[in-house]
Each structure stands twice: as C-alpha cells, then as structure tokens.
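Some structures are shown below for you to check.
In the two complexes that follow, chain A is the common piece, with chain B as its partner first and chain C second.
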Partner chain A sequence: MREEKGMTATQPVAGPGIEASEQPGVTGATSGGVMAGGRKPGGDTRETLYFALRNPKVVIGAVVVLGFLLVGLIGPAFLRFAPMDYAGPPMAPPSADFPFGTTTFGQDVFAQFVAGLRSTFLVGLLGGGVSAVIGMAIGFVAGYRGGLIDELLNMLTNVVLVIPGFVVLIIINAYLGVRSVPMQALYIGVFSWPWVARAVRAQTLSLRTRDFIDLAKLSGVGVGTILRREVAPNMYSYLFMTFVLLFGGSILTAASLDFIGLGPTNAMSLGLMMNQAVQWSALHLGLWWWFIPPGLGITLIVGSLYIMNVGLDEVFNPKLREM
Partner chain B sequence: MLTLTQLDKVYKTGTFGSSDLHAVRQVSLDVQRGEVVSLIGESGSGKSTIGKMVLHLLDSTGGSITFDGRDVTKLGFRARRDYYRKVQGVFQDPFSSFNPIYKVDRAFETLRRSYFPRVSSADWRKRLEDALGAVTLEPDDILGKFPHQLSGGQLQRLLIARALLLDIELLVADEIISMLDASTRIDVLNLLGELKGRGLGILFVTHDLSLGNYVSDRVVILYKGRVVERGDTSAVFDDPLHPYTRDLLASVPHLDRTWEEVEVEEAERTERLAGRCLYHEAVAGDGASDGGEVPDGVGLVEHAPGHFVGCFRKAAEEPCPAA
Partner chain C sequence: MRGYLARKTLVYGVTFVVAVTLNWLIPRLMPGDPVQRMVARAAVQHPETIASMTEYYERTFGLDLPIWQQYLNYWAALFRGDLGTSVWLFPTPVSQVVLDAVPYTLGIMIPAILLSFVVGNSVGAMAARSRWLDNVALPVGYLITAMPYMWLAILLAWGFGVALGWFPVAGGYDFGLVPQWSWSFAGDLLQHWVLPFLSLFLVSLGGWAIGMRNLIIYELESDYANYLAALGAPRRLIRQYAFRNAMLPQITGLALQLGTILGGALVTEIVFAYPGLGKLVLSAIQNQDFFLLQGTLLFVVIGVLLANFVIDIVYVLVDPRTRTGLTGGTA
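So, the complex of A and B:
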C-alpha cells in the first residue's frame, strides 16, 4: 500500500559523531542503504499541492486573484493613455478604443482600472504583510515565552484591539494627510495586527504544550528541529491563510478610505475610482462602466480571497479533506 | 535504577505568576530493573507531572532524580539524547501525541532519523513490524494513516511500539491502557509483564487501583502531590494504613473475599487506627528531634519492612488528625 520512498541527498542528521555509536545489532548495514527510506524532501509539500489543485475553492479563488494580478501587471504594456489623461470623448460607453469606456472628463476607465488594480494589490500585499509580521512576531513570542512577556504583549494587543481602527485611520489620513499608497498600507497594517497576534499566540500556546512536541523531544530531537519540523508546519498553513485574510482585509479598508475621499492623492486606486464616479454622479448619468469595473474588481478579489481561504482550510487540515 | 528524592514541582499560575500550585511535594520513590512500580492517585494528584519530570520534559522545582546513580535533572542535549536511548515514555493522551498534520509513520521516522540513520529500509521495516506485532497491531492497517483515522487505543499501542524500537531500560507509562478495550488491555498488560521479565523497569501511572494491583510489584499512593503510602503491592493492598488509601481500597471490589469479610476487616482497622497517626507516632518514638530535614507532613516512615506511610493528614495543608 505504501509507496517505496526515494533516496534523499540532503537528509539532515542531528550531528556527526552521535550516530557513530549507533546500530546495536545492525552489522551489515551498507552505506547504500543508509539514507534510503527517508522522506522525500518536500513530499508533504507535494501532497499539499496535490490537494490544493484538486480543491475547487482554492483553484477558482486563485485563478480569479491571479487573473486580476496579471491584468494589473501586464496591462500597462497595452495602454495608450495614462489614467489621468484626457484621452477621448467624455462619457463614451465601452468601445474598441476604450474597452471600459471613458469618464465625464474623457479619461480612459480601463487605464484607471489597471492602475487601480496595481495599487490595490500593493495595499493588500503591504498592509497584509505589515500586520502579518507584527501580529506573528508578537503572537509567537507571547505564546512561546509565556509568563510576564506574554502578559505585557497581551495587554498591548488588547489595547490596540479595542481602538476603533477605522476611525483612527480616518483621523490619521485626514490630519496627517499622507496620501501615498504605501503609506496608507502601512497605517492599515499597523492597526490590523491584533487579532493575528491573538490567534497566533493561542496556536503557539496550544502547540507548545501538545504531547507530540514532547514525543519529539523523547526522540532526541533538538529545539530548532522541533520548531522547524513540528511546530512551524502546523502554523504555516494557518499563517498563509491569515495572510490571505489580511490581504483581503487591507484591500477592503483601503477601498473604504478611498471611497470616503481619504485615499492617495498622487495615485489611482479602485476605491478612488468609485469615489470619483459617485462624486461626478456617474450613477445618475447612467455611466455604469465607470463604477462597475472597480466595484466588481474589489468584490471579486476580496471574495475570491475568502473563498480561497475556506478551501485552504480543507487542504491543510487532513481532517476536512475527505468531506 | 531510577530514584526520585524529595522531588518538588511548583507551577506558577495566575496573573504575573502570582499564585503557586504545589503539584508535587517531596516525592521519593525508586524503580528497579525488572520491576513494575505503580503510581496511583486520583485526577490532578500530580502523576503525569512526576512522569514528565522523570522524562526530563518538565523542570523540577526541588529534589533530585537519578538514573543509575547519575543526576538527570540537568542534562545537556547530548546527555539527554543518551538518556532517551534508555528511558522512554508513553503519554496519557494518544491523540495529542501525534502531530495531526502528519501520518503516524512520522513518529517512527523521527525516531529513526534521530537514532537509527544507518539502518536500512528493509531492516527498519522489519523492526517496525515486530514492534507493531508485539502490541497486536497490523502494520498494513495502521501505517500511512493520519492520527484522526485511528482510534485512541490504536494510537496508544503505536506509542508503546515506538518505545519498544529503542532498547530501553525504563518505561514511563502514563495511563497507557486507559483507552484499550478489555481484550487488547490484557494483551498490553501481558506485554508489560514480558518486558518486565526481560529486565525492563516500568513506572506505571494509573488512577485505577485494581490495575495497579494487577501489574505491579510495588505501589506508590499519591494524594494531592504527596506520597501518602508506598510499599510492596501485597503489603499495601492487604494492610492499607493511610486513611486515603483505605478510602480508595474500600471502593474496589475484591474477588477473593466477600463484601462482609472486607467490611469487618476495614471496621477493625478503622477502630485500630482512628484518631492516630502512625507517622507522628514513629517520629516521636524515635526521639528524632532532627525531623527538620523533611517539612512536616510530607515525610514517610517505615511502618513494616518495605511498607512506608506518611502523616495521616490528607492534604498537606490540613492538620494531622492525631495532633
């Protein structure tokens, strides 16, 4: 039933000399057979990938998100106008020249959409990244060290958690007036890490006391190896999922800020497009091509990320796989 | 072989470690080769805590643990690796003893990577099958499965098999048959007997008195972290002295005697021991004024050869009934 495992060239061993005193009763162990039967490097990764590719939620989510990313990345190469250029006739519906039509001022909606996608992904990546890094660092240290450090970090986490982040963001954006996309992402990241920290802390805390950690110790495995081979893999999937959620959350927060007019002034974003569309009464004028693409874009990206997250849960958790 | 001397464990609990939980108090016991010693006590009496300290998984707060005369409370990484070659444990909770994201094989693979990197695949497979056979498991039914796909009893037996793969001298078995059904239970008990015959020492942790009676050469009765009575199994079970032990035994059915006989015997014993404390009588009788070595209420006196009993108070904080 079990497949024969292949040879491994990079089998990590606990250190030379320790194994030398090995082998009670194993006389004829040839050097050829030494490493045979070890785990394939990345064997688990491969299996995870296999299940990921078979999971419709993950596949659909990833295709949508990557599709938008691709448009954002290579789109500019096909554009003839900058987002703010008065490129053509005002209020033109979609046509061959302007696939998403034009705004009241004759700006190319598609050009704006592509630029907006880029800043949307930037906000997601940066904002999600910042909060993930802060949250994981704090959560991991608090959970692993415990004691006084844990109490202090927990207090900090709870303080930031009860601060109404969105309100603070509005105030900061309005008064400090820093209006570049990376800055906005940074602010968002700085206020959305607490729940990550709490979740990561709880995970670490519970993992730290699980018996399989002790069992690994009983197998003569060092702390580094235990963290790498037992603790971290349990978290990777979770951390990855957390990042996916943070990514979506940052995008949504940024879009909301943009929409209420607190977005970047020197860049285009999907939220800003909607803000302008509303400001110039695109709804009343029936310029659906102005607000549908950004609205749909945000909805699809964030929605796909959440669906992907649900799928990933099934992929990473073998208990959910069979269902 | 294994000797615990006045072992203490205090857990720091509460906010900022404000309160202490004295889980193990001045516990002294020993396990010899080819002997099963049962550690009996109710839930929360500190049995697992003692087991984990013996396995060097928890730091003790005071006292010493020696193995073949060597102090094992402070071991470096290498010394610890060597220690685990001789001393292994099976934990109480089989479900948390396996990393849920990996197949159960990995627990064995970890052991192999660590201690037997030079054993050939075929040879290892053979050893594995032997070990699994010893705990009446079918390798093909078990290997390649995830922990959640196996029953608690199967996992528990896997853990025993894992310990058997090493040529150990001492096994700490924490409630290892709690999840086994009657038929496998007897198999595992017989296996323990066989191991004992081969010279293995076993520290058998259980809350089940009749089980302790069945398997062990000596018993240690633990109450709230304190040893209240210990000695040869027959001595303790035939003539329980401490009120707690007597309470415990009163609730166990005897196969060889009728209920009335037991009642009569216990009534007689109650009459003989009521209002007394053999510990303090013995200490006073010795005229031992240097009783300051052991804090009051946690020491033991040898009532009969090989039969030790502690002060008749129940919890260590309570006053002695004879005082």
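So, the complex of A and C:
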C-alpha cells in the first residue's frame, strides 16, 4: 500500500499523501523500490516482467496508452488532409470520409486529433522528463550531502512547491511566447519537480546510512558515482512510477495552457482543439464530435497511466500482490 | 509551534518575494523594446490613448532608471496597492477590476474545495476495505482525476446547459439584469453558479477519495490498529482512529493542491464565461492587457500563499505534535 499512497496523484502534479512519505510513521516503510534494496539491479528484470504481464491493471493501462501512441505515430500516414486544411463540408457529423466529423470550417477533426495526440505524447515525455531529472538531481544531492546544501535546496524546493506554477506558466507564455511543443514542455518541467525532489530526498536519506553505501565511500569513488551506481538503482522502480505520474501531469497542464490560448503556435494539440471548439461555439451548434474526442483522449491516456501506476506498484512491491 | 509557524512564514515570505520578482523580471526578458511592443500590441487607434499609454508605460517601467531602482519602485507601487491601469477597460485601475472579479472566483472555489474535500474523504474512507465499493470507486476516481478541468466543464455545459436547457451556460448573471440586492437577482446568480461549481467539485472529488482510501488502508495495517483489534475494540472505533490519522496528510495535500485547483477554476470559468479571475486572465491575454494580466496573477499568488497559511494554522490545531514542538508537519 505504501507506494501507492505515496504516489497517487490527484490532479496534475502532486497529490495528497505524497507528504505521507515524510510522516514519521511511514518512513520506516518507504517504498517497494527501497525494500528491494539488497537485490542486484537488473537481476530481477525478468521476474518484474513476469508479474507485470500478469497484472490486469498494468496490461490494460499499457494497452490503452500504447494504442493511442500508435495512432499518433502511424496515423498521419493514412490521413488525406492536414489538420488545418479546409477538407470537406463544414459541420459534418462523423461519417466514413470523416470518422470524427468536421469543424465549422470543414477541417477534419480526426486529422486534428491525430496531430494533437503527437503533441500530447511529446509534451508528456519531455515535460515529465525535465521535471524528473531536475527533481531527482536536487533530491539526491540534498538527501545525500545533507547540511547546508540540504537546507538551501530544501528552501528552494519549498518555494517552488508553494508558487502556483500554472500562474507563472501563464506569465511566461504570455510574455515570452511559446512557439513549439518542446519549449512548452520545458517550461512545464521547470515548475513541476518539487514533490519529486522531496520524495527522492526522503528516500536517499534512508539509503544513505546503509552498509553498501559506506563500502562504496571507503572504496574512494566520487559522490556522483555513488549516487548513480549505488543509490539510484535501488529506486529505479520508484523513479519509473514517478515519471509516469509526471508524464500525466504535464499532459494535463499543457492542455489547460493550450485551452486558454497560450499553447504552441506552430502545432495542433488536444487542448487547442477544445479551445477552438469553445471559441467557435461548437457547444451551441451541437458539434459534439469536435469537443468530445480531444478531452476523452486526454482522460483515457492520463487515467490509464494512473491505473497502470497502481498496477506497477503491486508488481514492484511483492507485499501488495496477494491483495 | 512557534518554530513551525516561523519556518512556514519564512518560506511564504521568500516565495512572495520570488513571485513578485518573477512578475517584475519576466516582462523585462521580452525581446525588443517592451514599451513599443506593448503599445503596438494593444492595437488602439486613438492617438491620444497611444501617447498616454506610451508615457504611462515609460513612467511605470521607469526604464531610464538604474535597474535596482526600477525594482524598488515596483515594490513601492505594490505596497501602495497600485497595480497599474487596465488597458482593456481603460481608465479603470487594475486593482479595481480584480477586486470586482474576486467574489465570483471565491464563490465557486471555496464551496467546491471544501465540499469535495469532505465528500471525497468520506467516500474514500468508506471505499477502503469494502470490496464492491472499492471496485467501483477506484476506477471512477482515477478517471475523474485524469479529466482535464475544462473538458468536464464543456461536457456539463453541453449536457445540462445546451441539450437539456436546465441551466444557463454563460455569464455570472443574466445579461438583461443589473446587479442588485433582490431575490430574483440572487436566484439568477445561483442558477449561473451551479454548473461551474459542479464542474470544479467533481474533478477535485476523485483525488481526495483515492488518497483517503489508500491512506486508510495503510493506517489499518499499522501496529496501533492491530493492537486495538487484538484488544477487541469495535471496528468502528479502529476506523475512526485510522481516519483521524489519515486526515493529516490529506490536509497537507490540500495545501499542495491549491495552486492546481486554482488553475482548474480559471479554465472552468473560461468555459462558462463566468466573470471571475479566469475570465479576466483570458480577456487580458486576448486584449494584450499586460497590466491586468500581471495584476490578476499577482493577486492569485497572494491568495494561494494566504490560503496556505490558513491551512498551516488548521494543521497546528488538528495535529498536537506541532504544538508541543515534536516532529510532524515537516516544513
């Protein structure tokens, strides 16, 4: 249960219960990742895979996410129209020619959806990646070094945690402009790392005093090597699950930004589709095929990621498997 | 307790300074001459307005002054409550525009946050260790949590507003009415309030339910719960203790979620054209009214910090460990 509690995200980034890993009662039991501490990294890959493939939550979640990814990757090859082309009759309901219908301007909603999926996955991957890297780096260093560095990094983490990141993103996007999806992902990543840093720091603190770390220190290797070779491998499962949550969080944040018209200017995205649908009164005209697919796509992708995470928790943490 | 609150206050103080500094700094990172760009972006034709705007921007930004003096002037203006003048609603001061919109945002946010917190936590507590409820509540909770705020808002507006016609879908009150203290206006206000509130309430609900469910299950496995059970304590009592312990991380979670919920409130308002801060942000962006945008967002930041502080005080009240200077409530 521990892992799941620590990792369950509410809306975008952090979730209730993430703090729990720092509650006195919980620290003893940190996570599945740390519990597996004694084992050699990589040695149990096959075992992990074995349990993962037999966990319905992991399988269903992964199938849905990979399905959408596949549509985004190979879909464009089968499309006859570009997302912004005036392809057919305006406001046409779904038909054989236009599986998701057309917009008020006769644009192909399915073409937009496919292009939007690509941006969605890209923003999730990059945004989640950036915040995971920053969060881990700060968490590892703060937890391992301790002392003044820890105090400073902790202060930084708390400050970024309290600042409403969405608000700062609005200011940045409005003033500096965001032209591409990677740029947007970078900005999102820079403001969503704090809870990762806190969780990683707490775990590093508990790992720091173990014997094998002392041994590594005695052998004279540097701090970076110890963190990379001794500390990180014991948290791989935890870090992977963190990344999955960050991935989903970035997608939701990007959708909100796109929706208020602060998205990338050179790409189609699912949030932008909803923005245009609302702007051109698709609601009042009853063009449900315009605004249902983008939101449903995001919900299914992010929801599947969350459910997959619950399943992964059971895979990585053997104690949960019997339940 | 004093140490705990002092530490928190320090964090909030530093955060406030950082937020204000970012708000001051980011416009200055804009490429090109910001004054010219902003005047050009405002797209006003009236030469008098352009002249007064150029002069106003130059005076406010004080670009001929050394950089540190610009920064100090910014702070001085802030403490006078001077957030500039809205370009969009020209001679109205930004602070006035923002203060007019705040009640609408608080009106949907506060009930939605409190109610979703209470209901979500109760549902989560019930779902824990109740197999059929758990099997329903968990997947539904995850899906609701994964919904983009504006999509649920769009669905509600379309379903209950356009298709069924039960509720109005746009505005804070009927466009034919003038705001006044009367029953008919209050009723109209309430009708317009229902859908934005419901939308925000529903999205927040799932997260609390899942969080509470997971925490309760964890608490029920702990030593004190096993000990109580061994003593033969009634199940109800054990669950009550588990619930009280699980509330603490949930309260901290509430503080952490505020910024996100607020972002959700902003986009929800935009869908319903609800006259709160979200609508203001959108209008400011569409009209390139940067003073209004910055003023609104600064207000939002201050609001989030204050709310965080209130939650910290609540935490001190519910967690006795923070009062006696023991651990608990880390940073």
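In this text, the second predicted complex is superposed on the first by the 256 of 323 C-alpha atoms of A that agree within 3 Å, B and C clash if a C-alpha of one lies under 4 Å from a C-alpha of the other, contacts with A are read in each partner's own complex, and residues count from 1 in each chain.
Convention: a contact is a pair of C-beta atoms (placed from the backbone, for glycine too) under 8 Å apart; a residue touches a chain by one contact, two chains touch by 3 or more.
Being a predicted model, the structure only gives us computed values, none of them experimental.
By the touch criterion defined above, A:A96 reaches neither chain B nor chain C. When the two complexes are overlaid on their common chain A, residue A:I307 makes contact with chain C while staying clear of chain B. By the touch criterion defined above, A:S256 lies against chain C but remains apart from chain B after alignment on the C-alpha atoms of chain A. With both structures placed on the common chain, the touch criterion links A:L148 to chain B but leaves chain C unconnected.
Of the two partner chains, chain C is the only one touched by A:G271; chain B is not.
Touch counts on chain A: comparing chain C and chain B, the chain ahead is C.
Shared-chain residue A:I163: touches chain C; no touch with chain B.
Applying the stated contact rule after C-alpha superposition, one finds that A:A77 touches neither chain B nor chain C.
Look at A:R210: by the touch rule set out above, it reaches chain B but stays clear of chain C. Comparing the two interfaces of chain A, the one with chain B and the one with chain C have residues 1-2, 4-5, 11-14, 18-19, 22-24, 26 in common. Partner chain A is touched in their complex by these residues of chain C: 11-12, 14-15, 18-19, 22-23, 26-27, 29-30, 138-139, 142-143, 145-152, 154-155, 157-158, 161-163, 169, 203-204, 206-208, 210-212, 214-215, 217-218, 221-222, 245, 248-250, 252-254, 256-264, 266-267, 270-271, 281-282, 285-286, 290, 293-294, 297, 300-301, 304-305, 308, 327-328, 330-331. On the side of chain B, the complex with chain A involves touching residues 12, 15-17, 52, 55-57, 77-78, 80-81, 84-85, 88-89, 91-93, 96-102, 105-107, 109-125, 140, 143-144, 146, 148, 159, 162, 167.
For chain A in complex with chain B, the touching residues are 1-2, 4-5, 11-14, 18-19, 22-24, 26, 29-30, 33-39, 44, 147-148, 151, 210-212, 214-222, 229-230, 233-234, 237, 316-319. Across the complex, chain C is touched by residues 1-2, 4-5, 8-20, 22-26, 154-155, 158-159, 161-168, 170-172, 174-176, 195, 248, 252-253, 255-256, 259-262, 271, 274, 277-278, 283-284, 286, 288, 291-292, 294-296, 298-303, 305-307, 310 of chain A.
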